[in-house]
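Everything on this sheet refers to the single structure shown next.
Chain naming follows the written order as A, B, C, D and E, and within any one chain the residues start at number 1.
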Amino acid sequence: MLSAEEWSIVLLSLRVGGVAVLAVLPLAFGLAWLLARTRFPGKLLLDALVHLPLVVPPVVTGWILLLAFAPAGPIGGLIERWFGATVLFRWSGAAIASAVMALPLMVRAIRLSLEAVDRRLEQAARSLGAGPWRTFATVTLPLALPGVLAGLVLGFARALGEFGATITFVSNVPGETQTLPLAIYSALQLPGGEGQVLRLSALSVAIALVALLGSEMVARRAGRGTHVL
Amino acid sequence: MSFDIDVRRRLGETEIACRIEPGAGVTVLFGPSGAGKTSVLNMVAGLLRPERGHVRVGERTLFDAAAHIDLPPEARRAGYVFQEPRLFPHLRVRANLLYGHRKGAVSDVDGVIGLLGIAPLLDRWPRTLSGGEAKRVAIGRALLADPAFLLLDEPLASLDRPRREEILRLLERLRDRSGLPILLVTHDRSEAERLGDRIVAFG
Amino acid sequence: PRPPIVLAAASLQESMNAAADAWAQMGHARPVLSFAASSALARQIQSGAPADLFVSADEPWMEAVEKAGKLVPGTRVAFLGNRLVLAASAGDRRTVALDRAAPLLAAIGQGRLAMADPDAVPAGLYGKAALRKIGAWDRLEPRVVRAENVRAALALVERGAVPFGIVYATDARASGKVRIAGIFPAATHPPIRYPVARLRTAASPEAELFRRFLISARGKAIFARYGFTPL
Amino acid sequence: MLSAEEWSIVLLSLRVGGVAVLAVLPLAFGLAWLLARTRFPGKLLLDALVHLPLVVPPVVTGWILLLAFAPAGPIGGLIERWFGATVLFRWSGAAIASAVMALPLMVRAIRLSLEAVDRRLEQAARSLGAGPWRTFATVTLPLALPGVLAGLVLGFARALGEFGATITFVSNVPGETQTLPLAIYSALQLPGGEGQVLRLSALSVAIALVALLGSEMVARRAGRGTHVL
Amino acid sequence: MSFDIDVRRRLGETEIACRIEPGAGVTVLFGPSGAGKTSVLNMVAGLLRPERGHVRVGERTLFDAAAHIDLPPEARRAGYVFQEPRLFPHLRVRANLLYGHRKGAVSDVDGVIGLLGIAPLLDRWPRTLSGGEAKRVAIGRALLADPAFLLLDEPLASLDRPRREEILRLLERLRDRSGLPILLVTHDRSEAERLGDRIVAFG
């Protein structure tokens, strides 16, 4: 059904998208929390900063990432010094690009759900002896779960489709950074590559469908209590 | 063990001030709608911060504006039955009841559940409960949290007479045996007179 | 040893893959090939990305990389050439002379002309120069459809979205859905040349060997099969 | 400050993004409603379809749009027949591309908010004599407003950054389809174009910032009643 | 004008069945928590669909399973005071009160507002109201919707005695002057006896 090469592209895409979305989830949640629950000077600026990867064309995001993560760049220098490694041409770099592109979508979705959480339930938890952390873990987080799930789905879908930032940042290295969209790009460069393009696109869609199905199932399980029929 | 409360707080147009001198047993807060009864309970529970004054229960100072003491709600050990049930919608009745319950605590889980008549509801989601059922679960949840004092905001409203009678008896027992200080809001004079060792009129 | 990482312009995808296959058949490790727009690759190199060889689709980007001090001096060689053609959809039987404006203007009429961005992308820049030279640019500019790259311009012709496109001879030849309606005389535009060079960051001992293979007669012959002119 | 050319690019981007997002909003709301409130066979498929433009690389989306809207394509043929016009190489086509790319983000955000609306309030409205439409307009819609606003912001930001589908679908025609990202792409292709890239990117960010500010202000006004402090 | 109700519906484990024979005035639903009182009101209001039976008010048939009649809630003209206030959180108190009010309707807006003592609250958001204040606004909202009959689910719980007295008198007046049929749920026996022309015991 799938050639060995296609399999490896699919696995790479899953790894890049999965790692990207899961790794960036805590950051996304933290940012969503700051934006939903706190007031501080410069909040609007942070909000804008989070939206940046959406507003600026992906190639520019990729270029900025390149400047930051290059061996001579501010972050790349540190990584080089501490780990003796680079993320350029590496799947970890592709995951970084996907994570950055997915971030605004995840933050918005989580923020929407956090804003809808009834604070009086958190008060009830506190009065029942739960500290802020337990309250967060047992009340806030479960009640914000629809947003977290939506964020994961949106972010993962975005990561699956991410092209411009990735190719600009970590190039198009088969087996390392050549995820599905980059493979599709390569196929598009070939005369008569349309068949391959459609095949790979269908693969993307199939993966997304499975992810969606999974998220809907989790949402249904988790929503049994909260959703009014 | 008793309350020693003197708090003040402005909410919008309303100036809320309440003073409760030490004295054991059940203190009933009695007063017209909008007088600030719920707000006082919130200040005792640590959910609303008084502008000045103090809140002491027994030996413990929960709040003292002058001494900059302000225990967080979870450290106050209030058993708070809110005016509206405030059950956790994502947890079944059983998990709601046990939310504040610590292993090895003294409270008698089965006894409380039996007395409140909520045993058949344990596996239900809160949204499927009737008004009175939800209220009873909320009472159970507060009692099972092993509280150092009780804050009850109209706990018996929307309960039928037999239930009400049983819960009243439970409260009396708690007062008499464990000496648990209780702050009770009610609009029912007979309830107030029966339970209240002191009645604080309000507003 | 680690195989060399070769950053190559996207338009070289097929031919470079064939060259890499040939190299691997000679008993070497197959180089890792990364295809993208020359601009993206050049920026990666400028920022210090650890690659071995760079094959650009035009000289200015190679120039920029050299200025940034990223090339090993003396390793830069322009080894391939290409031609600029007017592609028409396969059903269109016309041929168009491209040494003057009139036939082209007549052929396009009120239709549109696809080409890579004439202000930015190499194939577009060459095309604009050629149209200028034959005196057709001013009349045609409003009719030009600027595509992301030369392959995208070709795709517009293939799908019948536009009747004509200016593309490289190699692209037009490879596509089964377009015909070459005319070839721009070489004198109408700056020479189209593909330079290769070894990068300062090159760590693979094979890098230099592969570069030499590419510019050898054997190497160039592979590219010639895809329509490139060996230089 | 801005050159005349830059001004016209900015205005075009605003028009394309604004029209795209406002025109697709009813569709997004309808889809969000279907997904949030109804059950029907094939719902998951519809859900997946909505996510498609996110999952598939933008160039592929652009390519599919091209196939559909080309004069010989199924939709393009109809437009040609009815209006004697085409959207290819026109700003209307750029708006279509942006709308398609923005759709999944808008649907998700609106759906999240719709799912959080307390149905008992709708029941109360009905019992007070409001028919389904009045209930929708006066209760459901205002309560879902945070999601609508989030959807508009996300969609507009996405439209501002949209590149791959646009250039593939309607190409890069100055004054007609050359929005900010396309102008940025052109500048990126030239060695030494970085200054121009940064300048145009900053413009995008400034526009997004204004849009964000506006949405936050509307959200604050609308949220006065609903948000628990 | 009177109710003629005979409905049946299963909710989870509970089988709810209620039969109210025609008869003018106030009908009190009386019964233990969880008996199904709220569910009956919901069925009369058109918010819960009975499995069988009929709902008639005066001459109008609101629901008839056999005849396939099922008027939508908005066509039933119920003035429903829910067990919980259900105020619209995005509308100020004034807009909440007037939500169901049609221009030119008979109801006396200022009179109702004055009697309920909610005039000072008109510009407030619902979330800033106390429990009893919210309840009074909910009563006002139902009365101002120009209803053909009233469904009151513990309307006087969490109200102080003087307020309760005034609202009781208002209900008596509505019953006596306009002959408005009223279906009242209460746990207060004195309330039930005072208002109830008929008491339907339940569960």
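FYI, a residue touches a chain if its C-beta (ideal position, glycine included) is under 8 Å from a C-beta of that chain, and two chains touch if they have at least 3 such contacts.
Treat the numbers as computed from the prediction; the structure is a model and nothing was measured.
Asker: Which chains, if any, touch chain A and chain D both?
Answerer: Expected: C.
Asker: What is the touch distance from chain B to chain C, in steps?
Answerer: When the steps are counted carefully, the minimum from chain B to chain C is 2.
Asker: Highest contact-pair count belongs to which two chains?
Answerer: A-D
Asker: Please compute the C-alpha centroid of chain A, do the same for chain E, then give the distance between them in whole Å.
Answerer: Measuring from centre to centre gives 50 Å for this pair.
Asker: Centre to centre, by mean C-alpha position, how many angstrom separate chain A and chain B?
Answerer: Here the centre of chain B sits 44 Å away from the centre of chain A.
Asker: Per the centroid of Cα atoms for each chain, what is the distance between chain B and chain E, given in Å?
Answerer: 29
Asker: Touching two or more other chains, which residues of chain C qualify?
Answerer: 155
Asker: Quick one: which residues in chain E touch 2 or more of the other chains?
Answerer: Within chain E, no residue contacts more than one other chain.
Asker: Among the residues of chain A, which ones contact at least 2 other chains?
Answerer: 59, 63, 120, 185, 188, 228
Asker: When you check every pair of chains, which ones turn out to touch?
Answerer: A-B, A-C, A-D, B-E, C-D, D-E
Asker: Could you please specify the touching residues of chain E with respect to chain D in the complex?
Answerer: Per the touch definition, chain E meets chain D at residues 45-47, 72-74, 76-78, 80, 82, 86, 88-92, 99-100, 102, 125-127, 141-142, 145-146.
Asker: Inside the complex, what are the residues of chain E that reach chain B?
Answerer: Against chain B, the touching part of chain E is residues 11-13, 31-34, 36-38, 83-84, 120, 124, 128, 130-133, 135-136, 153-154, 157-164, 187, 189.
Asker: Can you check the complex and tell me which residues of chain D touch chain C?
Answerer: Where chain D meets chain C, its residues are 59, 63, 66-67, 70-72, 88-89, 164, 167-168, 171-174, 178, 185-193.
Asker: Taking the touch rule as given, give the residues of chain C at its contact with chain D in the complex, in rising order.
Answerer: 37, 39, 42, 60-61, 63-64, 112, 114, 117, 119-121, 145-148, 152, 155-156, 159-161
Asker: Would you pull the chain C residues touching chain A in the complex into a rising list?
Answerer: Against chain A, chain C makes touches at 5, 7, 10-11, 13-14, 32-36, 40-41, 43-44, 47-51, 151, 154-155, 171, 174-176.
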